[in-house]
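Two complexes, one shared chain (chain A), two partners (chain B, chain C).
Entry: the complex of A and B
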């Protein structure tokens, strides 16, 4: 995405420098280094307990780090109290004041900033328009639907123009349809206002659709960081591959390294023409291929770019626009194939013997444990 | 239904029958056996009784206010403590419950009396002929009430404070609010149901008190309950005793309804 150039694009908006957080004996974060760029939409993604909320709490100042420093816009704010940091935050359960009207809720941060009551009125009206709820100023939060309450919570956060907005699963309490609507809404607001957004979710689809960059967390460490495409198409570990999207995984050993790597597996040889860090033959590895990159072929087809193994159809399920076929390979491991549905399409029956095939370019080699280290950028 | 039957029988014997008897004694003439307001008339035409009625109201509300002023900070402090420490500190708030009224009164004399600790200190710092009357007047009554009633206000408020959604305070803090602002605009308004519940408990209980005022108060600090005691035990005018009891119950009822009106149905449900 192309963004307008702001004055200073080199200083990160937020920088966690070697940050560790312990809760008693629990290591919630283990020496994290994280830079959030100006005006980007950064998502913290990870399973429950991986440290996402802890990162937000450290940035907002609700808790202090056990070690490391935290910088906002080039200033070390590690010791600064939360009410001096000038951030915005949207909570999962909205955290609207139940005893105040919508107007009073949104006016609260403006009153804190001692604005004149005339200015407050205009600003509240403006921001209510922005979230498309101009009519509800006099109501109490309890008189609004969940989606409306979340919009008010967002309005309350936008009204004082914080340069950074933290969001902790803001859409977690909404149903699927409303969630998708609000995702677009948030994207729209982020694109139209020049804000740095740090967004927490454990929903990988949400992360893939909304983010400029994703930080995938695993057990208090950064597993992988990059654009949604990076994470989806170039996972650097089994954890990344399995956490984002569906994946088919086979075990094998490197047989022959080179521009095209050959791997021997229990179901036959596979080739991978992507660059990978494995050179030594005999190294045990995992290979991963996305379900949408696998085809079901009738016996007899051949193509030298394709990896092809025999399989038996087990089941087929149609999910609206896509068909997922579940197959079993010769060694008993299973494979999922995902195709777009087309009218008049015929899928092999359950029990029939077929081949599954995928190209050597879509084959990703991953270490059995840990992650592929990024080669240091040439200096 | 089966399981509550024993309870209903018990309540019938110890509550509804006596209340019925009191109503009967208050409203039915001893001579004619007819329904009558004569005993009520007798009450409302006695200047002394009216003064006692007023004293009762005054002492209850003044007491509740002072108890609130002392109790809120305690509840607030307790709410901020880690759970273990809070439990252990709560035991101290409950101490007045474990202490007999006679022991307490004696302690008050030792502390507040003419030659008690407080006056001794005052004299030590301010000179020999300095002294304040802290017992056997309204001040003494207030000391007694605060001591007796503190738990009744601390616990409803504490429960409310603990039930408040911590995200609200965090949100306010991140929006830039100072501690003072957060207290007055978030914590305090949200704790109103707890405050009202506490005040209700204190006012209703103080209205029915007679031991504390008679032990620590002066001659003018006579409460309605003292009058009941006087009529039952000394002059044996049970009709007047019944009238005063009924008035006390009505006052408590009116106060309860007024509070309920003020806060809708939220009095006992802490809405956070």
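Entry: the complex of A and C
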């Protein structure tokens, strides 16, 4: 198979057109429209049960949609059996054949394609070099560690040059250090091989590190779609804000709309100088600010541009490179402040009265329910 | 060996059995196996009567068995019926197991229970039913109806073993093979079947032994010239009490013993996981180095 590099780049590599999937009475996917661009690394992110694995199974052909069409590279493949789709898939539990050696495992897709044994030998050797495990060809998968098994699973996928690789939480079973190593490894392979990758994970950090674009799913629907920056800095719903990164949330009402929006909350007024879709005063909203954008001010300091509310220190925890302070506001709600640790840093003691402050630019206004329908700023 | 077994019990969170328990277990074992053991010295007797202990030792009774044409004929008949019904039972049992475990359809549980029901219905009931049924069709007494009856009898055994094994085969392996381009048949031949091989061998041997030893169904379904070895043995107990029976019993026990040993070697469901666990522990250190 030759990868269609010369094909036009405007056709999406994968297109889910109004796809719905029901399992009995459960709605796993509710009329999803999703385009995956050629050569991009797209992550399907969401809590369990949000429909991300269902999307993968629909693309691979393991299940069929209840309604809608699925297109790959401009062809309608909704009815095509999985073995004709020419995709690659990496499973969370690796799915290596336990009765075959590593060599035979990787040779499997080539034998299916009836390649000559000489060709198979060179191809397997090449791909084993690519995943940096040239010495394990004659071993059984059970003799390898989890990380090595996953690399073999990836090699088995790369060996037949599928234009699309589907990955279902491939690093989920590995420990943290190995997972981070493998994330970089996957990024390297994706960049050097020009493949379209569709990656499923429930780990937001992993999604932020690896993706060109993230599709955030919630309850069978697309909550938000965009670059990691988009999702992190311009969440369009409470769900997005809370799922990606840490967030401090306050409730309030719009007091004054305009270029700078003023919101009244139980702990005082806040201003937001970001564009948002709320014009009507009196609308109940939520405001969100990331912990790393909040800082603690000793009492007495003042700054016009800052939102400033009184707070009481509750606890401080150092996480290596960062230090998190937990504070309580006047109305009982809590706020987390995250700062970089420096040697000799002093933090106010627990119980002391301080101010927490953040800039109006870092204040994000979100609807109480649903999502803002304005497009996120182009990235 | 015993030492490593104890260690395995401990790693699973259990305690090694108390000394008293071990002694009781051994006593019960010998109590149950003693009748079979007593047959062994008796089979080396040299008289035309069953006597314990034998007055002198010889292979007279074995010679009698191997050179008497009636015994050989019924033995070959038993082997023939056992092989044919084992083959049919393996095919039916394995395919039924695959359908019951992998497919999703309405009434799957009911069908599974129905297919396994010959295990729970008393043999005498099956035998009587088949006797009446085949007699109506004019098939009673033929080897063909014996094979059919035995197939019915052994299929659930194969099914149970294959179903258990199939539940242990990760469906993702078949899914992976399909995404890599393999069709249904290729996937079954190259992935599912090799993984089920130990279960098929076990189920097959088990089925063979069950059919070879079976008396009740054979007694009802066989006729003149189609008698199986157990039926002939039963006849000879009733009619003549031939001492050759003790020699045959020893040989049958030996056959069952050999088959059980083979089954234990082939069918060790946790052997694979144990290998994987130790393999992982060994290689884990290597990866952290690289």
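Following the convention adopted for this analysis, the second predicted complex is superposed on the first by the 367 of 379 C-alpha atoms of A that agree within 3 Å, B and C clash if a C-alpha of one lies under 4 Å from a C-alpha of the other, contacts with A are read in each partner's own complex, and residues count from 1 in each chain.
Throughout what follows, contacts are C-beta pairs under 8 Å (C-beta built on N, C-alpha and C of every residue); 3 or more make two chains touch, one makes a residue touch a chain.
Treat the numbers as computed from the prediction; the structure is a model and nothing was measured.
In the three-chain model built by superposing on chain A, chain B clashes with chain C. Touched residues of chain A were counted for both chain B and chain C, and C has more of them.
When the two structures are aligned on the shared chain, A:128 is found in touch with neither chain B nor chain C.
Of the two partner chains placed around the shared chain by superposition, neither chain B nor chain C is touched by A:294. Once chain A of one complex is fitted onto chain A of the other, the partner contacts of A:178 are limited to chain C, with no touch recorded for chain B. When the shared chain is aligned, chain B and chain C each come close enough to touch A:99.
When the two structures are aligned on the shared chain, A:148 is found in touch with chain C, with no touch to chain B. By the document's definition of touching, neither partner reaches A:270: not chain B, not chain C. Shared interface residues of chain A, touching chain B in one complex and chain C in the other, are 60-62, 82-89, 91, 93, 95, 97-99, 108-109, 112-113, 156, 160. Those residues of chain A lying in contact with chain B across their complex are 60-62, 82-89, 91, 93, 95, 97-99, 108-109, 112-113, 156, 160. Considering their complex, residues 165, 167-168, 170-178, 181, 185-186, 189-190, 271-272 of chain B touch chain A. Chain A contributes residues 60-62, 81-89, 91, 93, 95, 97-99, 108-109, 112-113, 132, 140, 142-148, 156, 160, 166, 178 to its touches with chain C in the complex. Residues 170, 172-173, 175-183, 186, 190-191, 194-195, 272, 275-276, 279-280, 282-284, 286-287, 290 of chain C touch chain A in their complex.
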